[in-house]
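There are two complexes below, and they share chain A, which is joined by chain B in the first and by chain C in the second.
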Partner chain A sequence: MFDYKATSFALIIAGLLGAAISILLGFIWVPSLDPETTLGEEAFRIIYWHVSFAWCSFISFLMLFAGSLLWYLKNDEIGWRYFSTGSDMGLLFGFGVITSGPIWGLAAWGKPWDWGDLRLNSFALLTAVALFLVLARKSQQDNDENRDTLSIIGLFGFSLVPITAVATTYYNRRHPPIVIIKGDETGLPNEILFVLIFTFISFCFLFAGLSLLTDRINQLESKIEGHQRNIDSRWPN
Partner chain B sequence: MAKLTGLIELAMAYVVMIGIIGGYVRYLFSKLSDLEARIDATEIVSIFEENE
Partner chain C sequence: MDEGVLLEFEGLNVNRGSRNVLCDIDFQLKKGEVVALVGDNGSGKTTFIESCTGIVPFKKGVLLFHTRDDSRTVIRNSEGRKSNLPTIGLTLQNDGICGEETVEERLLTSLHMQTREVSNLQITNLLSDWGLDHRKSDRNSQLSGGLRRRLSVLSGLSPAIISSEPIVILLDEPSEGLDENARKLLINWVRALASKNHGIIIASHDKELISCADRIIKIQENGTITESNGSALGDFAKLPEFSNDIEPISMMSLVRWSTKMEFRNPIDTVGRLTPALIALLLTYSLTNNTNFNTLSNDILAPLILLPGFITCIIAPALINRFNEAECGKWWHVMLGVKLRPISSFLGASILLPLPLTYLSWFVLVGDNSGNHSDEVMKWLWLPALSLIDVAIAASALHFLVADLHRSNAASGSLLLIVLVWPFLELSNSLSVIMSSGMSFSLEMGSPLISCIIASLSSSIIWLVVIFLPDA
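The block that comes next holds the complex of A and B.
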């Protein structure tokens, strides 16, 4: 039988180890950059974790979208599992992005938030949708009607992903543009690009481990609910 | 002093992100142990009631 606990533990440890190494590489191996061209002198080193958190949150929202669609169209139990795990992971990684971003913003722009920047606000809204889905799932009764309603909200939430993704290109105001693609005004030195990709791969391990464990917990909660209903049904009214 | 610009913010951001991940990992493992114990307990109750 597949051992969820041991596998997820190994993935989480591998991910955390890689993430810790990425901090060291970011400090020791990557040279300091010209303060004129970077955002926040030394604070630019947040990029490795901040961007990896953001990419993992997009994977989570993709999972949430697939789950919402599967549940809404087919009432597929696997779809609901994707939905549940995707919303939990979306909240976790989204929360990491919207807390680390303003700290970086404080160093780079002199203020933590810009209410006129489309990317910042659409991403905050996306995380708020994930928060709503997690709270609603935990507070409402688990039945088909509620699952239908929440999966529609999940589909609506995903529509914010492309808006957030293109916001830096078309409506850019303060958030930096997509820097990993080399262009006239964008691009990263090879060392930074290497550490960024290494960090993202480490976060993928972490993401996989946390997703497995979260899914296992959601399944066990359903199982307990079933057991409790069974026990309750045997008691005389 | 100018060389330190952003280091405090960098440290703060790392502490927050490590805290988020660490807190969630801790929550997952304690929740898993709790659920496994509760499942064992409900299964024992079910077996006991079936035998009665």
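The block that comes next holds the complex of A and C.
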């Protein structure tokens, strides 16, 4: 039988170790960048975590979207599991993006937030939706009506992406966005690329371990709830 | 097809959480029949009643109503709501009455679901039969629990009184809190209405009330039902004679109802105005030493629009009114899919953004408008008017969150963050008007286009939020 607990813990530990090593590599091994680049001469080192957070939260939000759609269209229990795990992971990794982003922005551009940055704004909105969904799932009774409403809010979250895209594009016309990379630079140095991929793989381990664990916890909670309801209905026999 | 049937379930399965509350239920309510629903606490009686109204999602199965021409209309199936209910009488377990409305208004609202013309005399007659005529001008919040229950039961039964066609009446624990006389009256009215071919379903633990049923349905632990014959006991009450079978005014009834509630107790207006005015006065006083004319228009424009924007995003008081004693559930049953769009308009701050934006301009800029274009006063209404679209989108979002059972425990404000886009666009628009006056050019960045984009993005949010839940 598949051992969820051991597998998820192994993945989480591997992910955390990889993430820790990536910090060391990023600080010690990777050379500084040209001061001309607006990635920041030293501040760019947050990129490994920031980008990995962003990619993993992108996977989480896709999972949330797929889960919302599956529940909305078919009331599929698997869909609900994707939805629950996707919202938990989306919140965790999305929060990573919107905290590391402004830290980087402040150091590199001199301001923490840019309303003209489509990615940052989309992640912020989706993280807000994920936070809402996580809080609401915990505070509401788990029944089909609440699931319907929450899955609709999950889908609503995705309608925000094109709205944000249009709004940001329009906003940029009056408020030109911050240019991220100046000059002819088109690619990243090999060391940066290597650490970036290494960090992303580590974050994927972390993502997979946490997803397995969250899914298992959610399933067990639902099972306990079912047993409790059966006991309620049998009373006083 | 059975011509004597009013309502029908085919293979109904309803879940509450992981538990199958109603399982494989086939059921028919016939004309002139009284069905009592019995079962232990939590067995699913209320779920059964709510399933009859089509507001509960079905895991499997279908709810059908037989209409006047004896055709069958699918109200709901496992894919969702398919069509609106015909007129029914409904008494919810928690009354479904808002404390702000008067006794007379409650009954009138209920009757308006069946007909548009009801006279004062008819209302008085109905109320006096149930010993409520002396209370007709009182607010429901002033009634005792027993009197509220009487009113709720009367409101559930009375649509049948004025309907010449047989209708379905659903009563959830109607005798709960009623005294002996009122219970007898209820039984006699139920028997009398059944004799006029109306079909009645009663969920109850009350043995006396159950004894008036023709058929008893017991909901088992596993969600299935067993049937037995009832005693059909009870006298026939003399019912008032009405013949008002004229088209109902259900939608307008909600408009009238919500407007009356707001005039009587303007919690919505006050609740929106207070934070907006505080924001305005704080902006003014905390920047007391600042000459606003020296501020960039990009900063001043959002400050001017901010109070109006605040009124737009505050949760509508209508949600609290709907939450009171399941009042919103009653409206949901009566109006079906129409409820959401209407409520989003009724709950939105439509009147406040315009005057508040002008007030904000006078407070923050006042007479020192020399550095700004002369056209500002003439065109300030344009972004303020677009704020109304933002208000309607915000209201729809609040109503979506209100669908959750414990909506007061959900942080709906997180979803409102998206409205920052229309706000930024309107700020752009005002900033341009302030700097270079109004222009009707259709270039990106012009005031007109900014307002159109703000309104369009709000409308898209509104459309998504309104149509996804009932699609």
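A few points about this structure:
We adopt the following convention: the second predicted complex is superposed on the first by the 202 of 237 C-alpha atoms of A that agree within 3 Å, B and C clash if a C-alpha of one lies under 4 Å from a C-alpha of the other, contacts with A are read in each partner's own complex, and residues count from 1 in each chain.
Here is the rule we go by: a contact is a pair of C-beta atoms (placed from the backbone, for glycine too) under 8 Å apart; a residue touches a chain by one contact, two chains touch by 3 or more.
None of the values given here were measured: they were computed from a predicted structure.
In the superposed model, A:Val51 lies in contact with neither chain B nor chain C. By the touch criterion defined above, A:Glu145 lies against chain C but remains apart from chain B after alignment on the C-alpha atoms of chain A.
By the touch criterion defined above, A:Leu210 lies against chain B but remains apart from chain C after alignment on the C-alpha atoms of chain A. In the overlay built on the shared chain, the residue A:Ala167 is in contact with chain C alone; chain B does not reach it. Shared-chain residue A:Leu69: touches no atom of chain B or chain C. Once the two complexes are laid over each other on the shared chain, residue contacts for A:Val129 go to chain C alone; chain B is not touched.
In the overlay built on the shared chain, the residue A:Asn230 is in contact with chain B and with chain C.
Residue overlap on chain A between the chain B contacts of one complex and the chain C contacts of the other covers 223, 230, 234. The part of chain C that touches chain A in the complex is made up of residues 14-19, 40, 42-43, 56-57, 59, 78, 221, 400-401, 403-406, 409-412, 414-415, 417-418, 421, 424-425, 428, 444-445, 453, 457, 460-461, 464-465, 468-469.
Against chain B, the residues of chain A that register as touching in their complex are 5, 12, 16, 19, 23, 35, 40-46, 49-50, 53, 92, 95-96, 99-100, 103-104, 106-108, 206, 210, 213-214, 216-217, 220-221, 223-224, 227-228, 230-231, 234. Per the touch definition, chain B reaches chain A in the complex via residues 3-7, 9-10, 12-14, 16-17, 20-21, 24-25, 28-29, 31-32, 35-36, 38-39, 42-43, 45-46, 49.
Contact residues on chain A toward chain C in their complex (touch as defined above): 72, 75, 115, 124-125, 128-129, 131-132, 135-136, 139-146, 148-150, 152-153, 155-156, 159-160, 163-164, 166-167, 170-171, 173-174, 222-223, 225-226, 229-230, 232-234.
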